[in-house]
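Two complexes are shown next, each including chain A; its partner changes from chain B in the first to chain C in the second.
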Partner chain A sequence: MILDPIVLFQVLVWGVVIGSIYMLLATGLALLFGVMKLINFAHGELMMIGAFLTFLLASRLGVNPYLAVFASMAAVGLLGVAIEELAFRPIRGTAKINEIFLSIALILILQNALARAFVPYFREYAQIRTPYATRVFALGIVNIRYDFAILLGLTWAIMVALYVFLFHTGFGRELRGTSQNRVASMLMGVDVQRIDRLAFGISAALAALAGSLYGIINPFSPYGGTLPAIKAFAVIILGGLGSVRGAVVGGLLYGIVESFATFFLGGSWRDAIAFVLLALVLLIRPEGLFRGTA
Partner chain B sequence: MPGSAQVSRFGSVLAAVVVVLALSSAAAQPRTIRLGLLTSMTGPAAATGEDQKRAVTLAIEELNAAGGVPVKELGAKLKLEVAIGDDQTSREGAVSAVTKLIVEDKVNLVFGGLGSAFGMAALPLIREHAVPYVPTPSTPLFTRTPELGPDPAKSMVFHYQATGLMYGSAIADFLIREVKPVLAADRALRVAWIYQDSPFGAEFVRGFTDRVKEASHPIETIASERFKVGETDYRPQLTKIKALNPHVLVPTGFRGETVALLQQAILDVGFDPRKVHLGPVCSCADDPLYYRDLGQIGQFTTILSLYSTYAIPRGPAFSKWAAFRSSYEKKFGQLPGLLGVSAYDAVYVAAKAIETAGSLDRARIIDALGKLEMPQLVLPVKGGKIRFDPKYHEVEFFLFVQQMFWDDKVKELRPVIIWPSDIAEAKYRQPS
Partner chain C sequence: MTRRFRRTLAIAAVMFLLPALLLAMVRELFILQILTFVFIFAIYAQSWNLVAHSGQFSLGHASFLGVGAYASVLLVQHLRLPPAAAILVGALLPAGVGLAIGGLCLRLREWYFGMVTFGVTAIVQVLVVEQFGWLTNRWDGLDAPRLVPAGLPLERVADLNYLIALGLMVAAYVAVASIMNSKAGLAFSAIHDNELVAAGCGVDVRRYRLLAMAAGGYLAGLAGALNSHTLTRHVSPGIFGLEDSIWPLLYSIAGGLRTPEGPILGTLVVRVVWEWALRRLGGFESLVLIGSLLALVVIFVPRGLYPLAAAAMSRVGARRRRPAGVTPP
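What follows is the complex of A and B.
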């Protein structure tokens, strides 16, 4: 067994990096569940659309990928609002199964639409190239690529911005209120439909950010969003359904456990071991790490 | 005159019956040869299917322009046409695609595809309907797994490009011959594998291990790490391998996986190409996009090939490459990949088998494939003749290794053939 601290630190870094992606995805899902009590299974497809848009802006128009990320977030955020308005709102209040089937249908529609758009540009996989792709700096005992540092910085900057939005703005207060008690919020004059749109838009924009950052460090394909999204679902269960704090801690924890499991047990255990962790946490704390609301 | 009216009416009816019979007889007579391309037009391998579709279109146009395929039994030359069965890059998709090809399209022969998983899913139906089947690049499981069906020698599967075992074996020979003297002259060569967790990847490693044992090569396999199909983050496993200090890292996966493996190994995990040789990677990566996507960091890595996107080895065995490449590029505005080349050849193999059979009867086509002997097409074959060996129904290809160098003019990697010595353009180079 390899127990060299430098090697283990490097494995920890890989875990934190991939965990940050899960964290972004899970935060969007937690927000959506908190406000709308909705599980959007097509979250991974929104992630891939975000990656694809950033890829197009960077590779076709020469935009710096880290600037393109914001355009991609805005576009996918608007797409999220449109999906909420046109797809989920008409069936709101009907049986929960309708929402589930609708989001499964969205997976197929978005995935195939993306695949149609994808193939003429490249085959199977694409990767977003940044101007810093080959540059590294020393982080104590290991060398780290600039892209990883920017990824972590951008992720945390967005998370801080989200925190400020949720806890220090009127919209944020309304959103948290709706998450805690939808009826009471309505009675207090909150336009909950507007809050639904807002939650869906933020959730989709976070998925686009996760996809773009994922596409910078890993190759992606139109079908590549499904597995990260499944892991993000596991993260929100692990962290506590509807809890943004749980999504943040759960996402990072999941990434780190996955990284060490792969290192010590091999790639075959990569997905399984993290779900073992999920099962263990649920056995001890059925409500997840953090009970909560957005 | 009632009598003459009756005669006239009878004559009309008789004429109509004759016309109907003639038409129905003409309808029963096949007017084309229908080939069924079973490949991935949607799903993660969609681009591969597109490459195969293009190459097949080219081959069929060429054969039809030459008048078609003579079918003795029908006393005519028939044109070819292709029906496509999209396996959706899934086992379930392969079953419905092959059902469509056999039942709806009523194809005379099925061919194509990438990877054994999908073709294997289609195999029970192929066997049930006794359809001749010529799969393109995939593991030898099709033809070397007795429990899958009847004796391979009696099987209707003729594997045009069996990968895996022979590829792993060639990698062992190349490393001993070219890399060991440079990196581990006086000790065993420490080799680490990271490969796709599928029959495709496993057969590579098995071929390598068997060859090392059989030839008593001084090679020590220090790691065999597997990754799932579709996985794209290999850093934890690469970090583990690096800590074991290998001389060689052999990454084995499809094109996109291979690019990511090499980039993550060098850029993120810090494999130093001056100390560790990276390669040979699988020939299935040999595609114009591989050279473009890998970029400058791919310098000095190697690739095992049987068809090169850019190099053309010396000798008559490779004489058709330039013409094929030029026709493909002229028609489609881009260069073909190995999978396309393989499907192109398979159309010619099918046409030759049907011509030899002199019939569209499936049993006779299977028989003709078993006895087939024709000059090699685009892909180089050992001995220059395409034959399906009687034991496994496989064609034995000629493999070579290329090393990558950065070309400042085109700003992309370009290959130089370095093994085997009879076609090598240069010696293996270790960066310093």
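What follows is the complex of A and C.
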């Protein structure tokens, strides 16, 4: 085992980068769970659609990927609103389990529609190329990729924007209110259906951002969204369902833990470590690490 | 013998005789293969449905499918058991896995349960590949010997596989229907509807949830073993994927959740639509179609096809039985 501090620091950086992506996914899921008490298992598919749109804009039209991300977020956000309207709205109020079934149907639909759309562009895996792909800068003893720095900056800018939206606007207040108590908000004159749409749209847009960033640092395939999304579920369960703060801290922490676990235990543990953690937390502290809403 | 059990036996007889007759008439190998597949995966869906009946919606059923297949193949390889015995003995291991997972998840419901069971499948895959790699040949997997004795002509093998799978499917149906109609079934149902109230009424929630997981593990493991000895003739870690955990759920929802007939009807219908679509449309489009159908079923016919068909049948029956001269209101 090489315990070189430079290597360990690189492992940490990678953990923070991948953790930011988990954070974006988990935040969207937590927001959605808070407002609609809904778990959208097709979150990973929205993520990959986002990645694919950014890929198309960047590779076909030559748009800078970091700008294309915003178009992709808008498009996937609208898709999220449509999904809420056409699929989840009709079954609202029926057995909870129907929502799980429906999102599994959505996984099949979106994943394979996407795979079909992928076919003409590349054989298996694609990667979004950025103009900074080969450039690094020195940070103390190690070199950091420009992409990593931009990715972290963009992620945090969006998170700050989300924070301002949630805590300093009227819409944000309505959204938090719905999350705390749906009926009471309704009685206070909040149009909760509009809040549902809004939450689904934001959640989908965050997934698109996560997917695009994932596609910049990793080769991706239409089927690549399932595992990150499932890890994000693990994160929001760990962080306490519906808690955005838990999603942020949990996502970052999880990325770092996964990065180190992969480094020390070997690659095939990368995907299982999430569930070992999840099982442990559910057994010891089933309410999650941070209980509470918003 | 209660009325319900007589009804179960009657349905089981039809369920066995119709396909057996079909075997005498149809000689196309690919149709027999599709039907054999339907029988095997109906057992698998039956298992998922039984576990769901006790309020536990598993998203990791592939662990049982895979462990059953590995256990059976290893029993044949190392203990020289005949495959026909190995599938029945090997399925005890996934039953044990079911007990372990069930014990781990006793406090969990709905998506918590789904998430953890899904996660366990990922862990099982790693364990099979890494920890037991010396036994399981890692990612390459193991070849599974034929279920029936070697030396038979290929056509006879297909016929025998078909009949064995059919027989086991009918046996599983009778077993699950009996469980659902028994006191245990009532307990499952109570736990499904409201665990707290069930516990308050004296149902031993822990015991019955574990019972459902063990029985489900056994049946799913049996299906996995049967599949690897007849259709795939191979078992590899790919079996622990998301897809194999989703299919039984699809079949059960389409056919009718929490009825013993539903999973069988659902497997048949979905599989036939699937095979048709695959030939007409291509792989991606077929999966989109299956997904859309599932979404439509969930939105518009949440109880599934079997209750719909049963209601239509009884309506026809009622019309025929109506005495002459009496006008309906």
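Here is the rule we use: the second predicted complex is superposed on the first by the 292 of 294 C-alpha atoms of A that agree within 3 Å, B and C clash if a C-alpha of one lies under 4 Å from a C-alpha of the other, contacts with A are read in each partner's own complex, and residues count from 1 in each chain.
The criterion applied here is as follows: a residue touches a chain if its C-beta (ideal position, glycine included) is under 8 Å from a C-beta of that chain, and two chains touch if they have at least 3 such contacts.
Please read these numbers as outputs of a predicted model, since none were measured by experiment.
When the shared chain is aligned, chain B comes close enough to touch A:262, but chain C does not. In the superposition on chain A, A:134 makes contact with chain B only, not with chain C. Contacts of A:112 after superposition: both chain B and chain C are touched. Of the two partner chains placed around the shared chain by superposition, chain B is the only one that A:10 touches, whereas chain C remains out of contact.
In the superposed pair of complexes, A:224 makes contact with chain B only, with no contact to chain C.
Shared-chain residue A:96: touches chain C; no touch with chain B.
Of the two partner chains placed around the shared chain by superposition, chain B is the only one that A:145 touches, whereas chain C remains out of contact. In the superposition on chain A, the residues of chain A contacting both chain B and chain C are 112, 115, 119, 266, 268, 271.
Of all the residues in chain A, the ones that touch chain B in their complex are 2, 4, 7, 10-11, 14-15, 18, 112, 115, 119, 122-125, 127, 133-134, 136, 143, 145, 148, 217-221, 223-224, 227, 259-260, 262-263, 266-268, 270-271.
By the touch rule above, chain C contacts chain A in their complex via residues 57, 104-105, 107-108, 110-112, 114-116, 118-120, 122-123, 125-126, 129-130, 242, 246, 249-250, 253, 283-285, 287-288, 290-292, 294-295, 298-299, 302. Across the complex, chain C is touched by residues 39, 87, 90-91, 94-98, 100-102, 104-109, 111-113, 115-116, 119, 226, 230, 233-234, 237, 266, 268-269, 271-272, 274-276, 278-279, 282-283, 286 of chain A. In the complex of the two chains, the chain B residues touching chain A come out as 42-48, 50-51, 197, 225-228, 230-237, 239-240, 242-244, 254-257, 259-260, 267-270, 287, 289, 293, 296-297, 337.
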